[in-house]
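Next come the structures, one after another.
Here come two complexes built around subunit A, the first alongside subunit B, the second alongside subunit C.
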Partner chain A sequence: MNKTVILIDDSKFLLKQLSDFFEKVLNFKVLSLGFDGNMAVDLYQKHKPDLITLDITMPNKNGVQALKEILTEFPNANILMISAVRGNAMLECMSSGAKGYIEKPLKFNDADFIQDFKETIKEIFTTD
Partner chain B sequence: MVIISIIFVAVLSIITVMNLITLNKAVEKSERDIWSSLIKKGSTLTYNNSLSLPLMMWNIDETAICHLVSSTVRDDEDIVYGIVMDPQYIPLANASNNNPSGIPQNREPLKDKASMWAGSLKNSNYKTFINNKEEVIEFAAPVIFIEKDKLLGFIRYGLSTKSIHKAIYEVKKDGNNARNQMILILSFLCIFSLYFSYIIIKKVANRISQPINELVESARTITKGNYNISVNVKSNDEIGNLSENFEMMRATIKKYTDHLQDLVDEKMQQVNDILNNIEQGLFTINLDGSVNKEYSARANEILKVSDISSCKIEDIFRLDSAQKQVFDTWLKLVREKHLKQRWHKLTKISPIQNLELEAAGKDHKDYISISYEKIFDKNNNLSKIMILALDVTEKRLKELQMIEERKKHLNEMKIILSIAATHPEEIYEFLEDSNTRLKRFKESINEQKIISDENFESLYRDMHTIKGNSGSYNFDLLSSYSHKIENILEELRCCDKNKTEKFVVNINEYLNKIEQSIEEINQKASILYGRGDEMMVRIPKGYINKILNLCTDITLSPQSDKVKELTQKCIMLSWKPLKTFAKKYQKTITKFAKQINKDIEFIIKNEQTLQPEDIFKNIDEALIHIFRNAVAHGIEIKSIRKQKGKGIGNITFEVIDQNNNKIFIISDDGNGIDIDKIVLNCIKKGIITKEESEKLTDKEKLELIYLPYSTTVDEITDLAGRGFGMNVVLQTVKNLCGTILIDSVLGERTTFTITIPYN
Partner chain C sequence: MVLLSEIQKKITEIRNVFSKTAISSVEIFFQKESKLHKEFEIVEQLSCEFDYLLIVSSVNSDYQSILVVGINNKDLSNLLNREEKIDLEEASDIIGEFGNNYCGLLADDPDFTKHFGILTQGMPIVCTNGKTLLNFIWGVEGKIYFNNNWMYFGYAINKRNTYE
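Right, the complex of A and B next:
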């Protein structure tokens, strides 16, 4: 059984890329895509996926808020932050309970980037 | 510690081995002793018997002989048999366990191996035989009646080795027991001493090795960064030397135990040397954020503190309480997640990645890059975090300089392009306006003590206008400076409008920059527009954007092909649309056509393509002649065109870039060139003879038009017909190393194609 994932990002182009990557490279089943923090919370409640990825800078509700809301309701949620925001916001996400983070830009043709992505996913699912 | 343990084991093993050797020797000796005592016993017995027997045998007292032999056999367990036989091997007595009386059962001569051996003896002797599957040593001696010198017979005793073997076995058994006991004791001693030495060494070493282990680990981490410092102890060599001989080993053990502290001190010194000599600032903190004692000398210098070990982390990193809290959050995250997350992922989100420290006596800050390494204790738990501080000021300054340089170049390029894209009047108007406003602004700021509300608004308006205008011309720097002043004014607006000194200084600083910027634009404009009748260039916006993008690309990553492209584009800045050059011909044609009452439309194909000015200067004369010819001779007069069903006359002009050539194509839809008429005219004027003309091909005939005085018209007017025009065209084209082609269809059209090489 493939693991399931929900991808949240306000860039539709990026979502397409991420979705392809998760399905073809990481063998995940992409359940749904969302474009803001509200959708992230709603979709998590609806699908309860194995993993949800969140951007930090998003309209309506930012990633940090969405992360906290999801974790309040589902303390064991596996959340992967994917964002270009560096520094304290990412630290806040990690210390609030995000299981890992990936820095943008997403370099899908860079072997090192893909390796790091894979290891991050591995880390998330071996910490359970 | 390990070395000492190994040495202990080695010493004890050697002692054990030596003991075993001694023990084996003892066992061997007692074995020999047992044997020799048995031999002695047998020999003595046989000898004694051989002394007492002669008389008995001489008297042939068989009873006495039997008694002697049987009693001897009976009394000694070792003696299996006793035999007395005469020289003919006939037994006189033959005692054994089966025949205790000793009286021989028969009188047949004995023929067994032992008897044959014994019967051949001249002196007493012994030999081992197998008797009834039992090992027996036979002692035999001849019995000689000495007085008569007569051999009376032989006395023989067989002694069993059974008891000897038993005795030897006993001895060996005892020996083995002793040996086993010794091994046991030695092993115990060995283990005990190992344990003892371990305990002692551990006690000593624990106190001193803890920081060493960690420092060695730190040092290893440094060596990872190519600092080429090895802190490895060459333990293999030491052991190798030690095992060479025992004495040396013992001596070294002594030395090791005696000088353990020295060695530790030495190693500490080594680590300290490393710490003091590396270029990197290095110190360690515990997981609670407290700072440890050991650190490298450079760390103080780089981080600008007097003694790191007495500082708190917030002092070293210059953190305020909020920043300290964030750092603590990070430390907490590291504590919790260092097993689950890769180290570089954790350190990348540390709030402290670099520091900017005020440097005394320098006009710039020092830039310190901070990185983190993990240190494990002996139980493989994360115990400390090593912090590496590297002074990257030089690198950073160069980067900043480069960015500044890049900005400057980009800005300059932008100014040039903006000026080029704008009408000069517009630019000069802008410059004048900005200068007026700037002057007014300066005066009010520096002369009036208090700015009234009204004045304030006018100041603000002036600055806002400069900002807006400069922005619309892409004078970014100017726009940003005026924006800065606007901000200062904005700040002032909501509070007291009394000028403060700081305010004036601040504003003046930016006013000067604005002045410089305006001057720079002014200079660039005058260079570009030139003075008097110098050339003026206007460039389409799209083209400017292309160049700007290229500039940005190059500043980001210089590539030779892009630089080449940019150079090409810059050269092309002075190029103008074809339309600009063609305007002149348009005028000429229109004017000329009007004079001779022809309706002609001049069509410029691809009139927006950019063309260099120089080539037009050179070819101008040729083109004028071709156009004039087209108007005068090509296009028919109105009535004829009407007859032919042709509409308004068309002259088209096109310039094509092809393989480094500029190809000028001029065509008209007129009458074409009448070759026969040219030939006739030439013959008439005596340029060629009739005979010569008959040999010419059509093409050659057509080329006659280039000759001076050759013309297609009969009548010379003010405007055309003298026959020099085409000659000028040919010469001009030849001077430019070009070629010219005529393609003409009589009654329909003429096309001139001029190809000029152009790089």
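Right, the complex of A and C next:
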């Protein structure tokens, strides 16, 4: 059975690309899409997916806040951060319990990028 | 004026980073090949007039910057391989995310970070139907083209005020 994922990003354009990528390339079942941190927490509670992806810079509640809230209630949640934010953000997310961090831009046409993305997903579920 | 000269020198040294990043950001985000109209120029004031203008401010402890991306509606439709006009909400979504990606690519460039460090982005702002003049002294600007369509990029950076 396919693993399930919820995708959170404030760009609908990117969510469409990401959804296609998870379904067609990674063979996930996309359960739902959300546009801010509040939706991330609500959708995680509702669906309890195998994986949730979080952007960082989002309105209402950012991805780091959502990450911490989800992990407080669900300490074993598999959370993958996908963000254009550089610098200390990666360290903060990983030390807060994120299982992976993918930097934007998402190079869907780049074989090396796709391979790295697959490796990250594999590592998340290997250590699950 | 000493501070301004320092900025002018720095952006001149890495001028090609801004144009190179413009080309690769379009290629990665829109899967479109584009070319430089001519090498980006160092300017004292960013100035452009397009249907859509994206403005993304960024900051770190030493510098503050503004990225400006301008594009006309028909050119955005062309980038997306679509015939119809892109409405403001969708244009804002797409151009805003594109700007985030441009800033991310800049932050990945060792020449840029050697000169300015890593700047944290603010929320993108998209404006429409207006001429923009940014009195944000010393920047670099230029255009790239693809299939007779144009896209403008401007990046202005200055020392951050330390008396806040």
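Just so it is clear, the second predicted complex is superposed on the first by the 128 of 128 C-alpha atoms of A that agree within 3 Å, B and C clash if a C-alpha of one lies under 4 Å from a C-alpha of the other, contacts with A are read in each partner's own complex, and residues count from 1 in each chain.
Here, a residue touches a chain if its C-beta (ideal position, glycine included) is under 8 Å from a C-beta of that chain, and two chains touch if they have at least 3 such contacts.
Note that the coordinates shown come from a computational prediction; the quantities given were computed from them, not determined experimentally.
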Inset, instruction - Applying the touch criterion given at the start, work out whether A:95 contacts subunit B, subunit C, both or neither, answering first, second, both or neither. - result: first
Inset, instruction - For A:122, select first, second, both or neither according to whether it touches subunit B, subunit C, the two together, or no partner. - result: neither
Inset, instruction - Would you sort A:29 into first (subunit B), second (subunit C), both or neither based on which partner it touches? - result: neither
Legend entry - First, second, both or neither for A:105, with subunit B first and subunit C second: second
Inset, instruction - Could you look at A:16 and tell me whether it touches subunit B, subunit C, both or neither (first, second, both, neither)? - result: neither
Inset, instruction - Look at A:48 in the shared chain and tell me whether it touches subunit B only, subunit C only, both, or neither; answer first, second, both or neither. - result: neither
Inset, instruction - Please write out, lowest number first, the residues of subunit A touched by both subunit B and subunit C across the two complexes. - result: 86-87, 103
Legend entry - Contacting residues of subunit B [partner subunit A, same complex]: 326, 329-330, 332-333, 337, 340-342, 345, 348-351
Legend entry - subunit C to subunit A touching residues, read off their complex: 25, 28-29, 31, 90, 93-94, 96-97, 100-101, 103-105, 107-108, 118, 120-121, 123
Legend entry - Of all residues in subunit A, those that touch subunit C in their complex: 11-14, 57, 59, 84-87, 103-105, 107-110
Legend entry - Residue ranges of subunit A touching subunit B (in the complex, touch as defined): 86-88, 90-92, 94-95, 100-101, 103, 119-120, 123, 126-127
